[in-house]
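Following this line, the structures themselves.
In the two complexes below, chain A is the common chain; its partner is chain B in one and chain C in the other.
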Partner chain A sequence: MTSLALPVGNFRTGEARTCDTTGLPVCLHAQRFIKLNAVCAVVALLVGAIGAILLGLTRWPAVHLLPADWYYRVLTLHGINMLIFWIIFLEIAILYFAGTTLLKTRLASTKLAWTSFLLMAVGAVLTNITILQGTADVMMTSYAPLQAHSNFYLGMILFAVGALLGVGNFFACVWIARRDKTYQGSMPLVAFGALAAAIIAVVAILHGAIALVPTWLWSLGLMDAPDAGWYRLLWWGIGHQSQQINVCAMVSTWYLLATLTVGAKPLNQLVCRSAFVLYVLFINIASAHHLLVDPGVSAGWKIWNTSYAMYLAVLASMIHGFTVPAAVEVAQRKKGHDRGLFGWLVKAPWANPGFSAFFLSLIIFGFIGGITGVTLGTQQINIIAHNTLRIPGHFHATVVGGTSLAFMGLCYYVVPLIFRREYAARALCRLQPYLFGIGIVLVSIGMSFAGSYGVPRRHWDVEFSGAPFAKGFDSGAHVMLGLMGIGAVLAFVGLLTFILLTVHAVFLGKRNEGRAMTAW
Partner chain B sequence: MSIHQPPDDWFQAPHGPERVWIGLALAWCLILFLMMPYWHFRGKQNSTGEAYRTTPAEFAERVNRFIDANKVGEENGVPLVEPAPGSDIYLAAQMWRWYPALKLKKDQTYRLHVSSLDVQHGFSLQPMNMNFQILPGYDHVLTVTPTQSGDYLIICNEFCGINHHLMTGRIRVEG
Partner chain C sequence: MHDPQRPVPPLQRLMDNPWLLLLLGVAIPFLSYTAWGWISMMTMAKATLP
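The block that comes next holds the complex of A and B.
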């Protein structure tokens, strides 16, 4: 049974419990919204995953599964469900957790949380229906003046407003925690990272509103078409900054999982926190790297914004890329895993899916994602990479192998700790992060190299058959597309395994109320 | 612990390997910061973003005038034009064609004006693999000097509707 004594904090009777594993307080209202948002996230992940395998098998020329119209439709569906719905539903869940449990406070407003959740859910459903009806084949970027049905934009706007309200609830939690002095001094590091993500989210969503509201009015015939160049500038104001939200949320998840899995402590809190501040300060203008080969923005503007702002944000990632594994190393050595240079790493709990997902995420994001990102963001290299498959090759290492994998690792703790249900088929759980990680690395490498042969992204036919002029790509490009296809199958199996294991655990898993979760 | 409040004295300068790493990372970032403008002046291929305001109707008219003045034939149903070296040359992107086909002289410099007559498109020259964004309303000017003769393919790499993958064009360079 749940312990009856109220945990420390500002909770009202019957509205909180003490976590049987970590001893932290859990606000029961917040817990409900963590559950609701996490469930929606996994549903979106499933929709996106079905899209993923269809796309992977279409871009693999030897298979070329979907017809052209469905390829473009599913591409829109996959991008939006993965990048927006899966990731943001889960991030809002993280904010409910960080804003209440870590700050030992109750949820600021249940009404606001309901409004936020319903808006997001209705928005997501509306957008998905519009896409599947075939009236919004415009890709997630919906670059004007290519036009979708107005419900597509309306759905996105509702979703964004809902997310903004969720972020507002987080700020309100921080405020009442300070007012009620539920914690003294500075907030925990993970909450600080979440705060950084929340601040960037506000700026991002404002850009999104300026881009999408006029576009929506235009689709209703109430306004002239937005200017194509301005649309791109504003759209990337949300498109790029949301990636920084993802990075903040992912890095916070790394710190959290490092603590939960090996008991790691940050070495120097000032360093970790300053790195989060760098993200907040320098990321917005770096979105210029999406416009490196655009007309209408000058070379000086491109160089200035993509070098000064981007590299200081990169610096932040370089710092976390050091402090996170260093914290793990110190914790491991303290436990006596002290042999040689890498004994601590060899002896790490690789069979704990929370740990393996976290550490693979760190490696994939840091090495593949980071290196490709910095390379693509230079002016000259962007000329040979813009809109080729090198771009999805890059972000399947950052937001998929990085953020999504870290979030999966998080779920291996969220389900036992918040849903209070245990995962079954534990051997399969232990295998899952590797399956997905290896698969997505192959996808990323295959896409990146195919792209360097010039193979475009968002393109149904690399043979151009039926076009007025045609010349296929080098056979090397086909090998790389095949590699991507094989990776896609592996990653899909890994992803589906995760979804099935998680859905099973949430609804049918063994309850663990009243005792600590079964250690991984 | 990252999930608990930090000790009161957390505000401390880094030391040891952490400090060294931050120094190295910062130095590396500063080097990259200088590389970017350096390559702009040193490198031979830049996207300067040179562009002028236009409208699809006005641009279409300029393209048609350009074709009328320089047409030398037709290729796969697309007019083939051979403009004077050094001149301003035009290419229209339209669902779903690149129009007209261009015949250029090796080692001559041209000012290539590209714009869209409808939605956004992606100018992608193959197999050179050079890519530029093409927007309606923007006359995007690329200063080009072909240095190798041969037939080049222009593909579209910005999604522009259902037949996007059929949108191809031609640049022929003769020596």
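The block that comes next holds the complex of A and C.
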């Protein structure tokens, strides 16, 4: 039974409900699109996960599972589903939540939300089918003059346009909320983080359109091949910036989960918001580090965009890396967990998968992802590490150990609060973030150290079997590749556990309508 | 609590204006990364054959 009183905000009768757990208003139109986008996100995660285990077992030389053509096909499938579809579908779900529930306003346009969702879904399906047909073995970057079937580019363009419409719907919600004064003073912090993510998404998607539309026309034979350097500049405008959407959404998720799990409140709103502003202004510029070994752009451009502007975005991450745990510490000490320096952390709710996923995400992102990212973004180091496994070692710590793990933690609250279904097998839920977190740390460390031995990324056979001259890598590199393989198996088991638990909860979970969700 | 008599600091005004943030968030990366990158590529001298 849902509360009958009209929730606070500008909702019309029958358009919203009050959440029985948090007391927040939930726009019913937005709720539908949160569900649809979240389901598509999990489907994309499953496709990407199947790709992940196949790739992990191929890059592990002792197993070397896939043949060469399928390796590059699955690499394309894995990259696009994990880095684009899973993340952006869930990001759009987060925007609908932040734009309506947190701003206490109705969804701006249901028609726009349907158009956005259908374009994204059709685009994702078209791209995946084209990849599986074997006509787009170009990997996620699809660097021109490497050419895929036109449907690959068309699918990506449809997905990008759909996502842009979803972002536009969020901005329309912000406009309505400000017009109707549904919130007092500054925007709530989590909504502000979502706004930062939405701004970054605009930049990313515009770059994607500029890069991919001419490439699509080229694949149709309507124009000449785009210049390779120009394409790389524009493509990384979406390729890396789409990962910055993740960073903002992930940090917002940290603040949200800190509140939901231990009742934490940001210590200083101004400091936290300033860090989000640093993201908005400078994080996109960091895309330049992908072009640090490109000859077409000047040294001045590289140095300014990476060694100066990028550090301002790094500063923002370091601020969040202190403010989020500090908020948790204060909340825990207020509850009486104040023994010694770290008594608050020891007594944290580690059995709550929302908390463990969020805190592990923070540690993996900050320590492994952050440190490797800053070093790889330095020109002198990049020139050594570029195109080695050190690069995926870095971004598996940020995007997978950071963002994906945080989003999994979020799902442990989204399903009971939005789908109003409870998770079953609670002991398995509690174990899942650790299984996935430990697995992905092993993947990241294995890749990073193997890359330090010079093992290349995106390479089917680093042993060069059948080559006229013997070429291989040190036994230390093989130990690291084995570590990566073991980590991939562990992470896959953790990921599959998450997907099975979530799908079961969404379709078969016990309903909790009319009462608060069962506490973790 | 914010005193309504005191002027709102400029940084606070920026953070409370999503449209200004959107404008700056699009303009700064476009100028620093995209436009400068394009100019850099277009003005690069052609390599001479050995």
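The working rule: the second predicted complex is superposed on the first by the 517 of 520 C-alpha atoms of A that agree within 3 Å, B and C clash if a C-alpha of one lies under 4 Å from a C-alpha of the other, contacts with A are read in each partner's own complex, and residues count from 1 in each chain.
Just so it is clear, a residue touches a chain if its C-beta (ideal position, glycine included) is under 8 Å from a C-beta of that chain, and two chains touch if they have at least 3 such contacts.
Keep in mind the model is a prediction, meaning the values are calculated, not measured.
Chemist: Applying the touch criterion given at the start, work out whether A:V280 contacts chain B, chain C, both or neither, answering first, second, both or neither.
Modeler: In the superposition, A:V280 contacts chain C only.
Chemist: Would you check which partner chain A:A288 touches, where first means chain B only, second means chain C only, and both and neither mean what they say?
Modeler: It touches chain C, and chain B stays clear.
Chemist: Who does A:L233 touch here: chain B (first), chain C (second), both, or neither?
Modeler: Once the two structures are laid over each other on A, A:L233 reaches chain C alone.
Chemist: Once chain A of both complexes is superposed, is A:L495 in touch with chain B (first), chain C (second), both, or neither?
Modeler: Neither partner.
Chemist: So in the superposed three-chain picture, is A:A197 touching just chain B, just chain C, both, or none of them (first/second/both/neither)?
Modeler: neither
Chemist: Could you look at A:H207 and tell me whether it touches chain B, chain C, both or neither (first, second, both, neither)?
Modeler: second
Chemist: Contact-wise, after the overlay, does A:F171 reach chain B, chain C, both or neither (first, second, both, neither)?
Modeler: Only chain C; A:F171 stays clear of chain B.
Chemist: Is A:M187 touching anything from chain B or chain C once the two structures are fitted on A? First, second, both or neither.
Modeler: So A:M187 meets both chain B and chain C here.
Chemist: Let me test your reading of the model: by the given contact rule, A:F322 touches which partner, first (chain B), second (chain C), both or neither?
Modeler: first
Chemist: Could you pull out which residues of chain A sit against chain B in one structure and against chain C in the other?
Modeler: Touching chain B and chain C on chain A: residues 185-187, 227, 229, 270, 291, 296-298, 301.
Chemist: Residue numbers of chain B touching chain A in their complex, please.
Modeler: Contact set of chain B toward chain A: 1-6, 8, 10-14, 17-18, 21-22, 25-26, 28-30, 32-33, 35-37, 39-40, 43, 45-51, 76-78, 97, 101, 116, 118-120, 122, 124, 126-127, 129-141, 153-170.
Chemist: Spell out the residues on chain A that touch chain C in their complex, using ranges where they run on.
Modeler: Checking each residue of chain A against chain C gives 171, 174, 178, 185-187, 192, 195-196, 199-200, 202-203, 206-207, 227, 229-230, 233-234, 237, 241, 270, 273-274, 277, 280-282, 284-285, 287-288, 291, 296-298, 301, 304-305, 309.
Chemist: Please name which positions on chain C make contact with chain A in the complex.
Modeler: By the definition above, chain C touches chain A via 2, 11-12, 14-16, 18, 21-22, 24-26, 28-30, 32-34, 36-38, 40-41, 44.
Chemist: So in the complex, the part of chain A that touches chain B is made up of which residues?
Modeler: 22, 24, 68-69, 72, 102, 137-139, 143, 145-146, 183-190, 227-229, 232, 255-256, 258-260, 263-272, 291-299, 301-303, 306-308, 311-312, 314-315, 318-319, 322-323, 326, 374, 378-380, 382-388, 452-454, 456-461, 464, 466-471, 473-474
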